[in-house]
Structure formats: C-alpha cells, structure tokens
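Below you'll find a set of structures to go through.
Okay, so chain A shows up in both of these, paired with chain B first and chain C after.
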Partner chain A sequence: MNRLWQWPAAALRNAGRVSLFLLQVLAQCLPALRHPREVMLQVYNSGARSLIIIMLCGLFVGMVLGLQGYDLLQRFGSESSLGVAAALGLIKELGPVVTALLFAGRAGTSLTSEIGLMRATDQLTAMEMMAVDPVRRVVAPRFLGGIIAVPLLTAIFNCIGIFGAQLVGVGLMGVESGSFWSQMQGAVQLGDVNEGLIKSICFGVACSLMAVYEGFHTEPTAAGVGLATTRTVVSSAVLILVIDYMLTAAFL
Partner chain B sequence: MTDGNRTIELGTGLFVLLGFAALAFLTTQLPSSGIQFSQSGDVYRVAAHFDNVGDLKVGAPVSMAGVRIGRVESVRIDPREYKAVVELAIEQQYGRIPDDSDAAIQTAGLLGAKYVGVTAGGSETFLVSGSQIQFTQSALVLENLVNKLFASIAGKDDTAK
Partner chain C sequence: MNRSDLLVEVRDLDYAVDGRAIFKGLNLQAERGRITAIMGPSGTGKTTLLRLLMGAIHPQGGSVRFFGAEVPQLGRAALYGLRRRVGMLFQNGALLTDLSVFENVAFPLREHLRLPEPLLRRLVLMKLQAVGLRGAATLMPSSLSGGMARRVALARAIVMDPEVIIYDEPFVGLDPISMGVVVRLIQSLNQTLGITSLVVSHDVREISAIAHQTYLLSEGAVVAAGTPDSLRATAAPVVEQFMNGLPDGPVPFHYPAPDYHQQLLRDPA
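After this line comes the complex of A and B, so read on.
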C-alpha cells in the first residue's frame, strides 16, 4: 500500500517544488532587471541564436500548411480560403506550439546543461558562500531572457509561415493572390493574434521555468547533467501541450 | 568595447527588432485591410453600382471569361442612391473592354469567395479610367433564394387547395 502511494506523492512533491521555485525566481526577477546587460546576453543566447532554426522551420511548416490546406479546401471548391486556414492555423496553434517545442529543444537544453554544469562544478555553492544569490545572478536573467525571446520568435515564425503558405498556395498551386490576402484579412481578428501572443508568453514561462528548474536541481554528476537535459525536453513538451489545450479551451 | 560584445549587442538588437516588426505586422496588417501585395502599377479604375454586393471583399479578383484582369479596390455605399459602389482596378494591358460590358458578382464554387465577373459587350468605345459600368448584376444571396423558393411552394399549395 505504501508503494502504491509513493508515485503520486512524488509527483505531487515535484509539482510543489516547481511552483515554489517559480515563486522564488519571480521574486528575483525585478532585482535581476537592474542588470539589463545580463538579461540582454540571455536574450541573445536563447533568442537570437535560435533565429535561424525558427525561420527555417516556420518556412517549411507554412509550406506544408499551404499544400495540405490546398488539398483539403479544393475538394470543397473553396481553395481561395487557403489564406484564412493557413493564417489562423499558424497564429492560433502551430506558431506558438512549434516555436515553444523548438525553443525547448534548442535553448532550453543549453540553459539546463549550463546551469547544471555550474551545479556539478560547485559554482553555485561558491556563489552562495560569497553571499551572492545564484537565483538572482544566474537563474533569473536566463528565465527573463527566455520569456522575452519566445513571443518574439513566435511572431517571426508566424510571419515566415504565412509567407511559406503563400509561396506554395499562390506560387505553386495557383490560388488567387488577391483572394488569399483579402480573405485572410477579412477573417483574422485582433483577438486571434492576441490569443497566439498570450499562448506564446505562457509557453515561454513554462519552457524557461522547466529549463532553469531542472538545471538548478541537477544531481551534481556528469550523468546527472545529461539526465536533467533530457527531463527538460520531456517536461517542457508535455507542459506546453497540456497548457495549450487548457488555453484553447479557455479562449473558445 | 570588445568585438565579441559588439556582435552580441548587434545580434540581440537585430533579433528584437525583427521580433517586434513581425509582431507589428501580425497585429496591424493582418486583421485590417492595410497591405496590398499585388502590384498596383499600371491600372485604371472604373466604378460599378450594385444593389447588393453580398460579402465581396476588397482585394477580390475581377475576372473576364475566367481570366483575372484586376482587383476590387474599394467597396462603399453611395449616400444618395443607397447602392453599393464598387471600384475596380483593371490592369492597363486589358484596356480594350467595351463600355457596355456587364459586371456581375459571382461566387467561386458553391461556398467560395465572391468575385466580380465582367462580360464583354459589343460597343466600339472602351472603358477608360473613371468611367462607370452601366449594366450590373447583384450577388445572389442564398437565403433570399431559399425564401423565394419556399414562398413559391407555399403559393402553389394555396392555389391547389
């Protein structure tokens, strides 16, 4: 009976630890903003360096949407609605989710292994000995950098994706360019853009939190760093998809 | 300042700028009708009055015999006649359209988008910039047709009894 309760108890304890860590990080966010250079460096590390992969993936996701959307819509003779389908699909779902998943894989892992290695080499303990709060000095700037980077990356992903859909739909499949854009502008509302923006901010918080949490609580061994990096990707991906469902249900 | 610092600052600045530009594009250009990606180089504009335009959108294609010849530039209401005024921008290369041509609002497919179909007339004079298409045919509103159908069925039933 005891063993039966062990797993849910451990899960609950983990959830509690992550929540407490989130509060701890949030409390240090304002002090961390007093060193904007440090935050800027993290925006560069996790945002600017993910730019190429985000743009490449956005282009191909958009192009696939163009192909699939055209194939589906032409069965109903309404292929001129391709712009609407591609834009809404990208802005509301694919853009935020795919960007966040890529971000977790590209930037989240590097954050975890960086902080984890600091833990393994006792750098974080050394900071504590010198009365420097490692959460303020190391964790908070990385957390903030991630939150700033994800919505911006999502916006870039969306734009490139729409361009990719237009490239395939208008250029390859011969959808009328005028109706592609005019129908898109007629159907997309500011609320849809805001929904995607709110989603991407939430995903940014989730991804960055999981990355810094796993890094900060790494078992200080070489194997521990590897394990923490794996856990970051898994827990970020699950968290993103669960949050996505909840937010979509809330916005409908 | 070291070289590495400069690269980082430049990269961050570029990234943030690009991100906000994309965000601005999504919030301002996508929902409203702001951008015109189709080249509006050599066009001339003619107007057409319709009783009902259905859900004709700005940017919808203008076609003749199924070939695209221009786009809808604006849709507004004539405050005196209470009719819809649709301004069509037709490409200059299709300059020889008879001025007694007929413009109809048609639907692509059963549920598709509305577009303006132009059928050529037989006149010797051609449409020029600023002229008006005299003969127009309004959009078929499906609900009205269904109403008429039901009304006629009901009428037949009455006379039969």
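After this line comes the complex of A and C, so read on.
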C-alpha cells in the first residue's frame, strides 16, 4: 500500500517543484528584460537555429495533409474544400503541436544540456559567488527566448504547411486553385488563428520551462546531463499533448 | 589583537550531511591583510567550509562570522552584498564558456556597475595585465590551458577590487611553472594590494612558502594551527603525517573494510 502511494506522491512533489521554479523564473523575467540583447540572443539560439528543421517538417506535414485531405474529401465529392481542411488542421492543431514537439527536441534539449553543463562545471555556482543570480542571468533569458520563439516558429510552420498542401492538392491532384484559396479565406476565422496562437504560447511556456528546469536541476555528472536531456523531451512531449487536449476542449 | 582585524571568525561550527558529521566544533579565524591557509587531507570538508563561509549552505550549530556579520542569518540581499566584497577562485576556474576571456573578466563589472565602455575596457585590460594574459583577451575559455584558465579566473576574481579573495585549491593540476606563477600572484596580490587571502589547499610546500597562518584540519576539527614553521615542528602524528606526506598513519591508507583474507576466501572465485 505504501509503495502504491509512492509514485503519485513523487509526481505531485515534482509538479510542486516545477511550479515553484516557474514562480522563481517569472519573478526574474522583468529584470532579465532589462538586458534585451541577452533575450534576443536566446531567440536567435533556440528560434532561428530551429528554422530549417521547422520549415522542412512544415512542408512535409502540409504535403501529407494535402494527400490525405484530398483522399478523404473526394469521397464526398468536396475536394474543393481541401484548402479549408488543410488550413484549419494546421492553424488549430498540427502547427502548434508539431512545432512545439520539434522545438522540444531541437532547442529544448540543447537548452537543458547547456544549463546542465554550466551546473556541472560550477559556472552557476561561480555566478552565485559573484553575487549574480543565475536564474536572472541564465535561466530567465532562455525561458523568455523560448516563449517568443515558439509562436513565431509556429506561424512559419503554418505558412509553409499550407503552401505544401497547395503544392500537392492543386499541383498534383488537380484541385482548382481558385476554390482552394477562396474557400480557405472564407472559412478560416480570426478565432481559429487566436486558438492556435494561444496554444503555441502555452506550449512555448511548457517546453521552455521543462528545458530550463531540467537543466538547472541537473545532477552534475556526465550521466546526469544525459538523463536531464532525456527527461526534457519526454516531459515536454507529454505536457504538450495534455495541454493540447485541455485547450482544445476549452475552445470548443 | 583588535577585533575588527578579524575578517573571518568561525566558532564551534557543527555541520553534518545525512547524519555524517563533517565538522565538529571547528574554530578558526582569518586576520585582515594576511594569507591564511586551510590545509588538510582530501575529504576533510575544506570546500564545504568555503561554502559555509559564503552562505551557500547553513551549519547546524556554531557561528560563522564574515566581516563581523553572522553569515547564516543574512538575507539574500545582504548575502549578495557580502559576496560582492569577496572574490572567489574556483578549483577549475569555472569560467563562463560562452564568453571570451575579456568578457569573462568584464562579467562582474557589467552585472554590478554601469561603467562607460572605455573605462570598463581599461579596467579589464589592467587586471588581465596583472595576471599576464592581456594578449589572450580575445581567446575563448576552451582554448586556454588549465593554468591560463585559472589566471583568467583570478583576474575575474579581482576585477571588483575585493577585500578578500578565497582560493579553492589553486594549485591542483598545474605544472610546476604555472604553479609558481599562481603562488607568486597570490603573494603579490596580498602584498601590493593588501588583499586578505584565504587559501584552501593540500599542497604543503607551496602554501608553506606564502602563508602567515596555517590551520590543519582533520576529522572535522582543527588539529594544529600556527605558522607553517611551527606546524612543521609539531610532533603530533597526524600533523607529521600530513606535512611529510607519509602514506599511512593516523589517516589510514585503507578505507574501512571487512577483513581482507576473510573476504577473499568467502567470495566465490
């Protein structure tokens, strides 16, 4: 019976630790914004450097959506709505989720291992001894950088995805270009875009938080850094999908 | 001796981790303007003592006073205020790997003060000149040797003109030339700038050459204190073993273990 309680107790304890750390980071976000260059550097590091993989994946996700959407819609004879299907699928769901998952794998892991190695080589302790708060100097700019980068990457992912769907749907399967775009323009509402935007901001917070949390609390060994990186990907992915369900349910 | 001359005062310090006592009633003090050495075999908690001094961890009992303030009772702001008056040299340098040598030394200045760039540049170059590495200002920490990294870290430790510098094992892993350089730097910083120095080390020869006051720690307490010469003349077995580097003595060569023959015979081959 005792053992039965151990797992949920540990999970709850972890959730508490992460929440406390979030408060600690949030308190340092404003001071960190006083050095905008540092934040901009992190947007570049985690955002701009993920651009290629995001664009490539966006293209292929869009192309697959074009094929599958065409196959599905032509059974009802409504293949002209392919534009709407692809755009809504991307903007509301696939764009934010896939971008966040890719971000966790590409940028989240490198944030974790970077901060973890700083922990392992005493750099964070050295900062504390120089009376510099490492949460403000190291963690907060990276956290903010991630929050700014994820929605931007999502927007790019969506655009390229829609382009990919158009490439396949119009170019390959012969959907009429005019109806593809005009139906999309008519059916996609601002609310849909907002839904995707809010999702991507929440995912950005979740990914960045898990990445900096795991990095900051890395056990200072080589194995510890590896373990922390793995945990970042796993916990980010789970968190993204859980949050996605809750937000989708809330928006319906 | 005037009380205000005592920069560091540790009294009846008790500290334990997971029920294992690291310090039991430790007493030591460091005077202003002098080089105080804390020696002892590896694993006696020398680095732990530094962490207690800097307020990174809290003792279970006793008093730790730094600049006359009771360190464990300081709030975060006061603690950071204290740390700004202290430079610390880490065992491995702990340079920030994403910044160049110049920016590493400039780091505390940029974080704490708002200096005009030309002044900041001049200050940093002066400190780098003092450790002989002005020419290495544009290098990244990854391309420095161990000795150079430690000198850069020393330049960073003195850039805020601290009253005290704490050295954590400054000689570990250095070749004889770098070691000599670091010894001379510690001494000249103390003599020319009057910086109080607290050196934690187990390199008896190097530290004996420069320390004014030496404490020898073993098993959680000070077993001998005095000038290096008086320490060398002490007849206590543990002091003799440490000062002369004998492999076995009061500090045993073997970690506690069950009987050797018994264990070999019992284990299946």
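The criterion applied here is as follows: the second predicted complex is superposed on the first by the 252 of 252 C-alpha atoms of A that agree within 3 Å, B and C clash if a C-alpha of one lies under 4 Å from a C-alpha of the other, contacts with A are read in each partner's own complex, and residues count from 1 in each chain.
As a working rule, a contact is a pair of C-beta atoms (placed from the backbone, for glycine too) under 8 Å apart; a residue touches a chain by one contact, two chains touch by 3 or more.
Worth saying up front: this structure is predicted, and the values here are computed from it rather than measured.
When both complexes are overlaid on chain A, the residue A:212 reaches neither chain B nor chain C. The partner that reaches more residues of chain A, of the two candidates chain B and chain C, is B. Once the two complexes are overlaid on the shared chain, A:91 sits against chain B while remaining clear of chain C.
Within the superposed three-chain model, A:80 lies in touch with chain B and out of touch with chain C [touch as defined at top].
Of the two partner chains placed by the overlay, neither chain B nor chain C lies in contact with A:144.
Contacts of A:125 after superposition: chain C is touched, whereas chain B is not reached.
When the two structures are aligned on the shared chain, A:44 is found in touch with chain B, with no touch to chain C.
Looking at the shared chain after the overlay, A:240 reaches neither chain B nor chain C.
On chain A, the surface touched by chain B in one complex and the surface touched by chain C in the other have no residue in common.
Against chain B, in their complex, chain A makes its touches with residues 40-41, 43-44, 47-49, 51, 76-81, 87, 91, 149, 151-153, 155-156, 158-159, 162, 176-179, 181-186, 188-190, 192-193, 196-197. Of all residues in chain C, only 54, 56, 80-81, 83-84, 86, 88, 90-92, 94-97, 107-108, 111-112, 156, 160 touch chain A in the complex they form. Residues 8-9, 11-12, 14-16, 18-20, 22-23, 25-27, 29-35, 37-38, 57-61, 68, 71-72, 108-113, 115 of chain B touch chain A in their complex.
Contacts from chain A toward chain C in the complex involve residues 117-118, 121-123, 125-133, 137.
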